[in-house]
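Below, chain A partners chain B and then partners chain C, in two separate complexes.
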Partner chain A sequence: MTKPLPQGITLGQLNAAIAEIEKVVGKDYVYLDEIKELRSYRDPYNTTNDADFAPSAAVAPQNVEQIQKILAIVNNYKIPVWTISTGKNFAYGGPAPRKPGYIVLDLKLMNRILEVNEKHGYAIVEPGVSYYDLYNYIQEKGLKLWIDCAAPAWGGIVGNTSEHGAGYTPYGDHLLMQCGMQVVLADGTVVETGMDTTPNSKTGGLYKYGQGAAIDGLFTQSNFGVITRMGIWLMPEPPGYTPFMITFENEHDLETVTDLSLPLRVNQVIHNAPMTVDLLWESAMSVSRSQYYTGKGPMPDSHRKKMAKDLDLGIWNYYGAVYGPGPMMKNNMDVIRDTFGSIPGAKFHYDDTRKGDPGWDYRVKLMKGTPNMTEFSLLNWIGGGGHINFSPISAADGKSAMRQYKMIEKRAHEYGFDYIGEFLIGWRDQHHIFMLMFNRMSPEEKKRAHDLFAVLVDEAAALGYGEYRTHLSFMDQIAGTFSWNDNALWDTHHALKDELDPNGILSPGKQGIWPKNLRGNS
Partner chain B sequence: MNKHLLIVASLLFLTACEQQATEPETSLESTAEKMSAVETEASVEPTAEYIPSNRSGKVIFNLHCAGCHDPGNAHAATKQLALVRGEDLAVIRERKDLVPIYIKHVVRDGLLEMPPFRPTDINDNELDNLATYIIDSAKAHTPEENK
Partner chain C sequence: MLSRRTFIKSALATNVALLATPSQALQHALTSSEEVPLLVFADEHSLNSKDFISNVADRQSNIDLDIGEHFELVRAFCKESPMGQISGLTRDSDFFALEQIAKDFGFYTQYSATHLYSGSTLTHEVSSSKDSAELITSSLKNAKEQWPQWLANHMRVLPRGNSQFVTKKTQITLANTDQHDFLVSWSLSSNKHI
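Now for the complex of A and B:
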């Protein structure tokens, strides 16, 4: 098997760099075997070919000093490294690098929980700490704190937060809850942000901004540094928790549901980010497509209706929760019932009737920060596991939500795929996640999914929608849609990149940000 | 643009120079010492003793596998195996047809819906432990109808 090489790098240069890196971390922590080791660094769910994202090696440093030394070596050889933390960024590329031949800088072994502060509600963790790790730690210590995890929850705090990920408790906007970080720059300089920059700081986990420019965001969805530590706020365990689901019978109810949600959300009657989940997503927690339909193309409406009836689900299924003392929850729930009860066919569901339903149970867990993997059931829908997320932002506005939904649904059906999606109301926006499922063993299906995705990016952009996050394959295309004022934003990213990483060693191409030596070649 | 870059670069330089270790009085766990900038010249010696973890098969299973492979319809892999292979082959800790080499291959390579696991998720020793744990659990399992 031919070793994939980074652009412009010879095998001799790569091998020389790897030999030096082995002296820093030890041979046991440099992974070179294509079959036994490096195949685990690929994105199994890509829409093209594994070779498009095949690393030449992976290296797992155990501390900041080793990272500094690795960066010195790759700076010398001008070999790119691709940084991952827990590497579970599936649907967006997993642990795989943007281009073949990069060395993956795998921070999974930096997995210390450095501090959990119960009084003030925060944790400081290294990149390798998963949601399960932090949850288990808190449970073992008996701390009255909740985490806010992604679904599925095997990802980690640093990786998900730096990808702008979202969760399901009131602390679901992960970057909003991030407080302080430590970053290693390309030249090896270690930088603390926020209050931990001051001598003898005791407020690094408490106040985000420090003095001067707040630069934490620069290191998220970017390639300006290697995040080696992060503070994250944790929600104190509330005195009470009431999750609920409301099912709606009609497709067009999405418009009314969205419009009714916004004031409840921004006024914090509903405390977490409510989710409007489509029938297929919700059904996939319990059943697979073949149990209702074995034909080609999108599932016909008649089969969808039967499935909805069998599973007691709506065409849209709306999840939310309230938290706090009993009387407060009761007041809020009265408002919520009055509001949504006005929609014909609305049906309220609670633990007493839904418990034991996998779809309900995992949402109840997520909305209280209990990690689980149930959402991976989506991969069973057609079997074969391929999936990629198209994730445009829409206004939390009924007409806008309907327009975006109908655009995606129409194109998905045209290309022969089911629409499987959910809307999550952050504060004033909605994250719309279209889960494009395909059989990863079928090259034809993969290509069709790839083509559909590319069309959706352009069509969404034409309607004024941009995506909040994306797969490796589409980072450049989507970066091109953030083009106002003759690409001024990406020019700024590139100016920063050239200043902070002149040799272009850190994750070239991440989110469409390229170093000067590779710009124009992507 | 250049002025902006100068400001950012200056800020980064200053913050790097000013960082100090802290003493977290309110913490339950003491923070590890914070790193200050060090020389970036490559060393010829490994910089730290790192003791590879050797977690038990049960610990690894609970951390990485149980979420999808525990019994019950909340677990994606169990549900899918029941559908395509039948109930008898749905729960991997109860299956007597698996052998270590197959388990280890699937863990490292993935299979259909399941993604691969990296050596930093589960190292080779732990992978051995995991395969042994799954095989031993299956041996100890008595099917419901034989109880």
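Now for the complex of A and C:
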């Protein structure tokens, strides 16, 4: 088996660097075995070939000092590292590096919860801390705080936040709730952002911006530094919580539902990001596709309607929640019922009638910050399911939602895939998640999925929609769509990259940001 | 301490009259593996998986819809039994998730197979070491409808070791069962404890 090597690096150089790294972290924390160990740093949902993302090695440091030493070594040899926190970013690449041969810098052993402040509602965590870890800590200590987790919840708080991930409680905009971070730059300099830059600071977890330029965002979805610590705000446990679901019978209801949601969202009548979930996403919690349709191509409407009837689901299934004292929740729910009750066929569901339904149960948990993995069950919709997510942003506007939905559905069907998706209404925008699910054991289907995704990127861009996050394979293509003023933004990214990481050792190619020595070949 | 739902030193099922004729080497391995601590998972909703777990001679470790509920069990087992083995016949997504959790403790996939029902056809696709893939595949084929029982009886001799995988496939025709299962059988253990 040939060891994958980074571009321009010889096996001798790699082995020499590895030998030095082993002296820093110990041999037990350097992973070289191609057959088993390094397979766990591949992307099982890739739509091309495993080998395209195969690392040469992985290393798990335990602290900042070890990271500094590792970076000094790889700087000397000019070997790229690819940083992961818990490495669970599946559908976007998981633990795999952008190109073959990188050394994965796996921060899983930096998993301390450094502080949880109940009074002010924040936590300071290292990159290896998962949502489960923080939740369990809070439960053990009996603190009256909620986390806001991704679905599924095994991801890292630092990793998900720095990927611009989102959740399902009122604290669901994770980057908005981030407060302060510590970063190791390529040259080993350790930087604190925000208020922790002042000695003996007591406000690092309280105020985001500090003095001077607020640079935290520079270290998200980028490769300008290695985040080694992050502050995150936590919601105080509210006095009450009322989740609800509304099912809608018609495809075109998406437009009205979205238009009605926006004022409820911006005026904080609905406190979290409501989700408009399509029938197949909901159904896949309970049934597999083959129970309703065994033919090729997308599931026909008649079969979808039968499934909806059997499972008491709508073509669209809308989830939201209100939080707070009883009278306030009652008031808000009255407004919500009056608003959506005007849509013909709209049916309201609550815990008394819906409890026990898998889709309801897991959403109710997510909307109160209880971590779970149930959403992973979606992948049993088809045998051997894998997926990549196409995630364009739109205005929280009915016509935009319908336009995006119809465009994606049409293309998905043309390429032989079901549309499986949901819309999350944020502060002003909508995150549209199209789960492009394919049989990961079929090379033909993987290729078809890959081709579809590439078409969607260009079509969405032509309509004025950019993605909020993406898979390794499409980072360059999507970077190319953020091209206003002759690519001014990515040129700025590259100027920063050249200054902060002149040897190009930190995650080259992440989000289409390449160091100078690799830029022409990307 | 692990919960009552955990198998440790699980006794072999009484039905050692194998449905597929074992090789002598396989029988020897079966006997010598009795002391390996074993944690077994099954899917609560699948008939085949229930059939599998009912042939394992201890209480069940069943998965409902949230595989996350079993993460602590896996972590505890890996720490307490580094020489142990984790096996199961589960949904694909549950195997995927448990595989990810176990790797942090040096437990890697030593064997996996998919079992797909489509109309009257049952397809087994086995990924395993070169010297075991063919044997396992033909044994599953010979077991016909009782393949879950064969798996239960032979969990302990599923391969362990740091070998490259090969894939073998077999299909059998059964009476139309109206089953839609897509299940994965699998085994995780440490490369360092063989």
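We adopt the following convention: the second predicted complex is superposed on the first by the 522 of 522 C-alpha atoms of A that agree within 3 Å, B and C clash if a C-alpha of one lies under 4 Å from a C-alpha of the other, contacts with A are read in each partner's own complex, and residues count from 1 in each chain.
Simple rule for what comes next: a residue touches a chain if its C-beta (ideal position, glycine included) is under 8 Å from a C-beta of that chain, and two chains touch if they have at least 3 such contacts.
The structure displayed is predicted, hence computed values, not measured ones.
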Simultaneous placement of chain C and chain B on chain A, clash or fit: clash
Which of chain B and chain C A:Tyr132 touches, first, second, both or neither: both
Which superposed partner A:Tyr29 touches (first chain B, second chain C, both, neither): first
Touched partner set for A:Thr294, first chain B, second chain C, both or neither: second
Chain B versus chain C as contact partner of A:His120, first or second or both or neither: first
Touching partner for A:Leu71 - first (chain B), second (chain C), both, neither: first
Which superposed partner A:Gly212 touches (first chain B, second chain C, both, neither): first
First (chain B), second (chain C), both or neither touched by A:Arg112: first
First, second, both or neither for A:Ser40, with chain B first and chain C second: both
More chain A residues in contact - chain B or chain C: B
Which superposed partner A:Phe376 touches (first chain B, second chain C, both, neither): both
Against chain B, colliding segment of chain C, chosen among 129-137, 165-173 or 183-191: 183-191
Common interface positions of chain A, toward chain B and toward chain C: 36-37, 39-40, 44, 108, 132, 152-154, 288, 290-291, 358, 361-362, 371-374, 376-377, 379-380, 383-385, 441
Of all residues in chain A, those that touch chain B in their complex: 20, 23-26, 28-29, 31, 36-37, 39-42, 44-45, 58, 60, 62-66, 68-69, 71-73, 76, 87, 90, 94-95, 106, 108-109, 112-120, 124, 128, 130, 132, 141, 143, 152-154, 182, 185, 187-193, 196-202, 204, 212-213, 215, 218, 228, 286, 288, 290-291, 358, 361-362, 371-374, 376-377, 379-380, 383-385, 440-441, 491-492, 495-496, 499-500
Complex interface listing, chain B residues touching chain A: 1, 4-5, 7-9, 11-13, 15-16, 18-20, 22-32, 34-48, 50, 52, 63-64, 67-68, 73-77, 79-80, 83-84, 108-110, 112-121
Chain C partner contacts - residues on chain A that touch it in the complex: 1, 33, 35-37, 39-40, 44, 88, 108, 132, 152-154, 285, 288, 290-291, 294, 358, 361-362, 371-374, 376-380, 382-385, 441
Contacting residues of chain C [partner chain A, same complex]: 65-69, 71, 91-94, 96-97, 99-101, 103-104, 108-109, 114, 116, 118-119, 125, 162-164, 180, 182, 191
